[in-house]
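Given below, in the form of structure tokens, are the structures.
Below are two complexes that have chain A in common, paired first with chain B and then with chain C.
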Partner chain A sequence: MDKKLDKLIAAHEADIHAAPAHVVQQWHSAIDEAAALERGRVPAPAPRWHPTSFFWGMAVTAALAIGIGIGFFVTDGNGPPAGSQGPMVASTTPQSEIVPAAFTRGLQVHLRDSRQQIASLDQGADRTTLVLQLIEQNRMFETAADQNNAPKLARVLRAFEPILLQLAATDIAPEDAEALRAQLAFELNVMLTKLASESSDDSQTT
Partner chain B sequence: MKIGGTPTQTDFHEAISARSDRWYSACLKITRNPDLAADAVQDALLNAWNKRHQFQSSARLDTWIHSIAVNAALGLLRKSKPGIFEPLDTDVESNTVRPERAWEEHELESELARSLGGLTEIERVCFVLKHLEQWRVKEIAAELKLNEGRIKQAIFRAVKKLRMSMQSMKREIDG
Partner chain C sequence: MNTLAKLLVIAAGLTLSATSMAQSEAPDDAEELKLAALEALITAPPERALPLVNKVLAGDSSIDVKERALFILSQIEAPEAQATLLRFAREEEGELQAEAIRMLGIGGDKEALATLGEIYQAGDHEVRDAILEAYLIAGDKQAVFEIAANADNEDDFEEAVDMLGAMGARDELRELRSRAGMSDNLINAYAISGDLDTLRELALDDSNIELQAQAIEAMGIVGGDQVNTTLVEIYQGATSDEIREAALDGLLISGHDAGVLELYRASENSAEKKELLERLVMMGSDDVWTIIDSALE
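Right, the complex of A and B next:
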């Protein structure tokens, strides 16, 4: 290996970008949350019929089925043909995400329900069980957002998970739980407002 | 730094405090996207935490997390831009800076980071994996599902372009 290449590599090796402080803090918190969740892991709840969870289970399933179905339909109908070699504009430029309306509606329902459930959370194992259910639903929507070519939306949904995990921990202090609930309520409101304004923009332009 | 035994929560915190800038930098060089780089490190940390009982007694915790983070970054890059490593019919040398790059370069400050932006995705990833992460050509080929000849070609082009950009940087400093 020649000296110039050594120099080049050494320069790149030494070129370290410091991660933003809030991101580093987020990594520390992620480990704390994972550890807390492990310590406070509750046994899986006995299956019980609950009108709310049954309704939302159905709603989530229906929204996902419609969203994914439309996603496949749109891709099959308008996407580049298989084996296309040319550069694709959609994958090389920052894009505004076009999400099927049915998926957006399903997501709005999920977010509203989450907001309502978080507002009425009790302390204890029931709270943990309920939050873990919300996490599961959130993951399903995150997967569906990815499948619907909406990575930004998937990312936002992914960002809810660390907060929900903190809230699911059984050893969390009541004041911390309250702060997390307030934070989640705020984030959910922001997202619902954004989704509502985007869907009204769509209906005006179509 | 932790070597051997099952790492504890404190070990993870110490590793984050001491080495997370290096993990983040490596992921940033691969993805050229600060959000994806941050996600890759977080995924790696949670993955490492969940698999900490499998941690090899002879390994260092920070290097173990580093390698998981690099793999996570490759996975996220592939997910965010499907098909980026697929070979084109005419795999020609290109000096064109694409619009997204121009935006990314604005976000990243260092001259060296900017010079990485002058490479194509495959050139950049191959260069980083080979020369900064010390992967073997065979390993890169297996990871990117390409033949070794193409990997060598991409590394050669990357080095050539980076040398040129270093020369122009030097001229700017000297001049």
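Right, the complex of A and C next:
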């Protein structure tokens, strides 16, 4: 089992931004939902998801980030692949008006989910798998931040990854894992407070 | 609560925690209070937050608390904050220095990143690692390329090349090939950065059979249908055991058990079949039991 996990960690370390096909499919589904919501053609679904839910956190935030026209697809970072026809829902809407707020809300969900997941991490194989999922999500938001003209946020998210990778290691001592968790918890809290504060400032000025 | 009131509470938190420590209260509680106060500083205006963060950094707080203070500093939009981080990156040692370097990566300031290049030259192994990580965070491929291109020892070169691979810096890695020649790490970095074109070119170049074999094997890391087809073709056309073995390793890494199965069925050599069967078992192929069944008949 440890060998499998080590291979998984190595694969994550080697991987840049490739996402599995089923994840891409989930994003696309989320985009479609966001597209419908943006157009106001269907009512918003009942909030059946729990805030800690990884999948919904990812789907909703991806929808927010992608569905409003950032043109983010899982490619080599050079834009959408030729011939791709992903939904570009609100591409006519000026980015400066909508994207930052929507992206920020999505990022807040991601950071909150990450904080809760990290707080409830146990030792063992499940922890490693969970942290690797966190890394996957974090990479997605990092790319989305770059696409949303938020390079500072992208850098902060990128800075989480080396810590997460250390936390994913199967041979990490419990006290070291605890120290890393404490560091991440603090940095996630700070970013959440900062984002909330900036959102509040924006809403007060508009 | 207005900003001034918030700041008073924060300042009190930072001060009271020290007092609590002196009164033999549990150190963890005092530290928790200090961390909470630091966290709250993120909402304060820079001119108010900076003196308080600097006070923590100059005081006798634990390394953990000072590291958190450095993170707060990285989020403060003020030249003074950047200057303090640079000072810590230059003058401190150990964890605090490494954390300050990481924060400069988060800041992404071009001048600060350039200064890290100077610190790299004088730094030990830990400092150099921290700087490479800071460049990764900042997405500064060119800085890592310069380190690799100017490395005067193999370790530094390899670590920089590994980092370029992780950053997906294909152009920089190709440039290094022409400058520094070929190496094992460079081939791995091509694989990690997903540069299949370069790997295929190396895989077909038989001027150095060791590097050729390594490139063939590394293609398995990139994976995908195109790679799988090429690896099967390389195996079938191989004129040496080394190349055949490398292609098989590549297929194992990419997990293309269907290709290995195809080779197994096409083979008429029992030694080769045995080796291919062993690989299929290692790969956990669903068809392996059928093959074993027929092999035992």
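General observations
In this text, the second predicted complex is superposed on the first by the 109 of 206 C-alpha atoms of A that agree within 3 Å, B and C clash if a C-alpha of one lies under 4 Å from a C-alpha of the other, contacts with A are read in each partner's own complex, and residues count from 1 in each chain.
One rule holds for everything that comes next: contacts are C-beta pairs under 8 Å (C-beta built on N, C-alpha and C of every residue); 3 or more make two chains touch, one makes a residue touch a chain.
Not measured: the values here are computed from a predicted model.
More residues of chain A are touched by B (comparison of chain B with chain C).
In the superposition on chain A, contact is made by A:Phe186 with chain C only, not with chain B. In the superposed pair of complexes, A:Lys194 makes contact with chain C only, with no contact to chain B.
When the two complexes are overlaid on their common chain A, residue A:Arg155 makes contact with chain B and with chain C alike.
By the touch criterion defined above, A:Ala173 reaches neither chain B nor chain C. In the superposition on the C-alpha atoms of chain A, the part of chain A touched by chain B in one complex and by chain C in the other spans residues 13, 16-18, 151, 155, 158. Considering their complex, residues 35, 39-40, 42-43, 64, 67-68, 71-72, 75, 102, 105-108, 133, 136-139, 165-168, 191-194, 221 of chain C touch chain A. Every residue of chain A that touches chain C in the complex is listed here, in rising order: 13-14, 16-18, 76-77, 151-152, 154-156, 158-159, 162, 179, 182-183, 186-187, 189-191, 193-194, 197.
Across the complex, chain A is touched by residues 9, 12-13, 16-17, 20-22, 24-25, 28-29, 34-35, 37-39, 41-42, 45-46, 49-50, 79-84, 88-89, 98-100, 103, 108, 110, 112-113, 116, 131-132, 159, 162-163, 166 of chain B.
Considering their complex, residues 4-5, 8-9, 11-13, 15-20, 23-24, 26-28, 30-32, 34-35, 85, 88, 91-94, 146, 151, 155, 158 of chain A touch chain B.
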